[in-house]
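Next come two complexes built around subunit A: one with subunit B, the other with subunit C.
Now for the complex of A and B:
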């Protein structure tokens, strides 16, 4: 059972995530306004904001998923409060260091900080080591947290049980809950990608301090960057899916989902595919062996099948011709799965080598990853935040339809501008568009308008949820 | 004829002595990246082989263009720069799908000055070469990011030897600063013809973890230590899972 301490730290996570989310959305809107030529930012400010926006978003939705999984995991195993707190403290320190490096030091190499860009100093000299150190601090906190959660699972379940291998046989004696299976698979992926980040940072620092006696291989650094970047961006979605498997049936008044052989198989395969799909980021790198490019495409196709296929099938079966207690929580889950699937399809289109020649580095790329984040993963976490805060302070909320409508209209309009831009070959990562691409500026202005609607909806969620979380924070053991 | 050759050779020799070419190449830095993929200014051109009213875009739209910026009174790099360019172009007799446009950035230069220069280099009859001036030189050099500085003491411009690649749509695709070899010119020609040029960082003894090691003798790549690093995160993660399992199994409920 969860403790008051866990409840409070989860509330802190939620408030921090939502606060940083609002700031990061504002940065995103400013970027689109600049591209739309409605405001004027210097390229340094634009790319600084882009770096901050990207890393903050990746970071907050990863920790949002981890906090939710940590909270729900307490239903099955005892989790470590110390590890949770350690991750929280290091996340706050890491974000402050990151923001110092970008806002004060004007570091603006993008969230992927592709080698050798961080060494082409066009900002304060101290900003490069501070930026890399901030990633080290964040990575350390999250790695310890992930290993701690995995250790707690392995204290109760053997490795084969945690992977649900017994479900490949008939009538297994022990049932591995889907939540445990997905969490275990996801945590291993998270640990692998954080280790990739550790190796990457070590290589960066060795070169930084070697004063030329050691240089890195750009191909190796790019592989490691996307091992980390692509994998963590996907694993945070899987954390959200673990929460759906645990809560969707429960809040819908349906029987709890069970692990079957095909669920076990799908998620076991997901681990392999998700760790090899990142090769699709290197299609344009002609020196990458062709075999790895082919693995990248096949893994990208297959990665979507087990997790997405099984999850979508399970959700559809759960709601089709069944009486569902629809609430804001399961509506957010349901719409989030739709957003995840649409974004996933966009990703698979781009991960096809022949299409990538056309779509590479166009607005199609931010189109698909914003779809499965802004309209997928964010909704998974909002659903959890809403469910969590209502556990203790349930008020009948009004205007849920209005809130959802603003969120959907704002999100869809914002994303559509990206997709149309991508289809029109408008390049991404341009602070302003040249006069030959007038459509880029028009689409950016439209996107900023719809993103502002999305922000309004998020602010309503932010106030409603934070208010309840603050009450949880001020509650005593007696009142709970 | 003999007199022209002597004068020309003297100018070239003096230019070589008075110019630190290596210094220019080494200090070009990011300047070659400035204004890449920007449109060049559509300047009106005057030249012997050009019809009246011809603009730069009309020249580039016929064929991708290599633009060389010089001035005829130059006692420095302009002559060796043009000579090297001429020799490199002569090595490419089979490649006809580009123009070379030599333009003066000195407002004092006239169409006749450029025509004389073409004659001195023996290029006035070569169809690939155009020598021209423009009355909009300020806008043109601004669009290229070329910044000559007038030295009143020497009565000379302090300037880069700059070669600009412009594709058929009028975009600057590549710049070369300094006197460059034929291979570099090849990269510039490929870029104006919108063809893909693979480039990769050369082997470096300080690069310990390269994904591939290039053998110059065989011309082949062999897998390097770096490839192991790509697989390392997954392997370490697996070791961590097994280690954690080993240590916690005694406490398993």
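Now for the complex of A and C:
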């Protein structure tokens, strides 16, 4: 069972995530305001903010998913508090180093820091090694945490049980809970992409210290970058799904979900598809072997089958014509799944090579990934935060409809501006738009307005949840 | 084309929203006697099969239309060498010397001739995106150091075309551009 220490550290994670989220949203709104020509930032400031925004968002929603999974995993196995704390400390240090490199050192190579851009110094010279080191610190903390959680699972379940392979036979003697299966599958993906990140950083540092005697291969570095970047962005969503499998039925007053042969099969296949779908980021690199490009499209398509046919369908089956105890927690889960589906549709469209030819690096790209993050994954985590903090300090839920309406209207307007921008061929990652693409600035201004609404809704969640988490932090063992 | 993609997406968005709203409302009306979906396993099977068939059709129709296969069995009548460098493009009818990257002042192409753009970079990754005069992205490839991406294209309309960088390449990325004319 969970300990007071685990409860407190989960509260700290939640407060950190929500605080950094508010900062990162503000940076995003500033970017859209600049693109809308409402404020004027220098390109260096804009691209520095863009780098901070991207990496902070990826980092916080990854750790949010990990903290939630760690907390719930304690229901099944004993987890390591030390590994959790180690990840927390290294995350704080890593974020401070990252922000120092971007805000003070003006490093602005983007969150993908595509090789060899970090070496073309347009910022303080120390900012490049500091930036790369910050990723190393974050990666180390997360890798140790992920390995620790997986090791704890494997102490109780054999490898085949952790993958739920016994469910391919009739009447399995041991049931692998869906939460364990999804966590295991997700952690493998996380560990794989973090190892890729380590290799990537080592290659960067070798070239950095070789002073010209060693030069990396740009195509290999790009493959490594997107294997890491795409996979971690996907896995943080799957961490959220693990939480849904564990909590949705519970908070809805429905029977707990069980692993069946098709759930086991779907999640095992997901692992393969997730690890090979990243090739779609390199479609426009025509020198990449054609076979890998085709694998990218097929894997991206196939990844949607278990997601839609098992997870999404299960949520719909659980709700359809069933009496549900609706609360803010399961409403957020339910709307989040819808957001995930809609973002996934935008992603599948973009993962089609012939579409990508005219959509790649337009605003269509941030459109789809902001959909399944801002209206999917964020909602999964908010649902967990709300449920977690309500367990100890339950307040009557008030004005849920208003909160959700602001969140939905703000999110929808903000995202629609991205999709229309993509269809209008507006490039992504432009600090300002050229005069021959006037729609860019107009859409950016509209997006900033709607994103501000989204921020208001998030601030309401932030204050409500953080208040309760602070109480948990100050609670004594007697009061727990 | 982009507008058709947007319409397809908005259609799918509408369907998804209707399904989720309908399912949510069905739970609100449900009583203790309701037992949910009649045969979820069968429905799931059909849903997956239909999805699989739709995606299979999409893949088989779209993969042959990938840019790697454009005019693959034809010989280009024109080759344009492109070298990207922070924060400009060099376009030339001849191979470009990385030590002295100099290009033509103006590139003119002919309507409906098969052009092969040989695109590389002399520093970081860039994008080579061709926009028509209506501001619509019509073709692109990446400019990567150490590699040459070959993009084959026929321009069906005469006029001025812009080239924009579509891969973030540093602080002046947004002003990195060039142009050519099709007669």
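Criterion: the second predicted complex is superposed on the first by the 479 of 480 C-alpha atoms of A that agree within 3 Å, B and C clash if a C-alpha of one lies under 4 Å from a C-alpha of the other, contacts with A are read in each partner's own complex, and residues count from 1 in each chain.
Going forward, contacts are C-beta pairs under 8 Å (C-beta built on N, C-alpha and C of every residue); 3 or more make two chains touch, one makes a residue touch a chain.
These figures come from a predicted structure and were not determined experimentally.
Undergrad: Overlay done on subunit A, so just call it for subunit B and subunit C: clash or fit.
TA: Overlaying the two complexes on subunit A (C-alpha atoms) leaves subunit C and subunit B clashing.
Undergrad: Would you check which partner chain A:219 touches, where first means subunit B only, second means subunit C only, and both and neither mean what they say?
TA: Both partners, subunit B and subunit C.
Undergrad: State whether subunit B or subunit C is in contact with more residues of subunit A in the superposed arrangement.
TA: Partner with more touched residues of subunit A: C.
Undergrad: Taking the superposition on A as described, I'd like to know which of subunit B and subunit C A:155 touches: first, second, both or neither.
TA: Touch partner of A:155: subunit B, not subunit C.
Undergrad: Kindly classify A:203 by the partners it touches after superposition: subunit B alone (first), subunit C alone (second), both, or neither?
TA: In the superposition, A:203 contacts subunit B only.
Undergrad: Kindly classify A:227 by the partners it touches after superposition: subunit B alone (first), subunit C alone (second), both, or neither?
TA: Touch status of A:227: first partner only.
Undergrad: When the two structures are overlaid on chain A, which partner does A:287 contact: first (subunit B), second (subunit C), both, or neither?
TA: Touch status of A:287: both partners.
Undergrad: Which partner chains sit in contact with A:179 here, subunit B, subunit C, both or neither? Use first/second/both/neither.
TA: neither
Undergrad: In the superposed arrangement, which partner chain does A:434 touch: subunit B (first), subunit C (second), both, or neither?
TA: Both: A:434 reaches subunit B and subunit C.
Undergrad: Considering only the touch criterion stated at the top, classify A:322 as touching first (subunit B), second (subunit C), both, or neither.
TA: In the superposition, A:322 contacts subunit C only.
Undergrad: Quick one: from 1-9, 127-135 or 163-171, give me the piece of subunit B that collides with subunit C in the overlay.
TA: 163-171
Undergrad: Residues of subunit A that sit at the subunit B interface in one complex and at the subunit C interface in the other, please.
TA: Touching subunit B in the first complex and subunit C in the second, residues 217-219, 286-287, 434, 436 of subunit A appear in both lists.
Undergrad: Applying the document's contact rule, which stretches of subunit B touch subunit A when the two form their complex?
TA: 37-39, 198, 200-201, 204, 206-212, 221, 224, 226-227, 229-230, 232-234, 236-237, 240-242, 244-245, 247-249, 251-253
Undergrad: Give the list of subunit A residues in touch with subunit C in this complex.
TA: My answer: residues 43-44, 47, 108-110, 112, 114-117, 120, 122, 217-219, 222, 262, 283-287, 290, 293-294, 297-298, 301-302, 304-305, 308-310, 313, 316-324, 326, 334-335, 337-338, 341-342, 345-346, 348-349, 352-355, 357-362, 419-420, 422-425, 427, 429-434, 436-437.
Undergrad: Mind listing the subunit C positions that touch subunit A in their complex?
TA: 1-3, 5-6, 8-9, 12-13, 16-17, 19-20, 23-24, 26-32, 34-37, 40, 43-44, 47-48, 51-52, 55, 58-59, 62-63, 65-68, 86, 123-125, 127, 129, 131, 135-142, 144-151, 162, 164, 166-175, 177
Undergrad: Quick one: which bits of subunit A touch subunit B in the complex? Just the residue numbers, please.
TA: Checking each residue of subunit A against subunit B gives 147, 150-151, 154-156, 158-159, 188, 191-193, 195-196, 199, 203, 210, 212-220, 223-224, 227, 275, 286-287, 434, 436.
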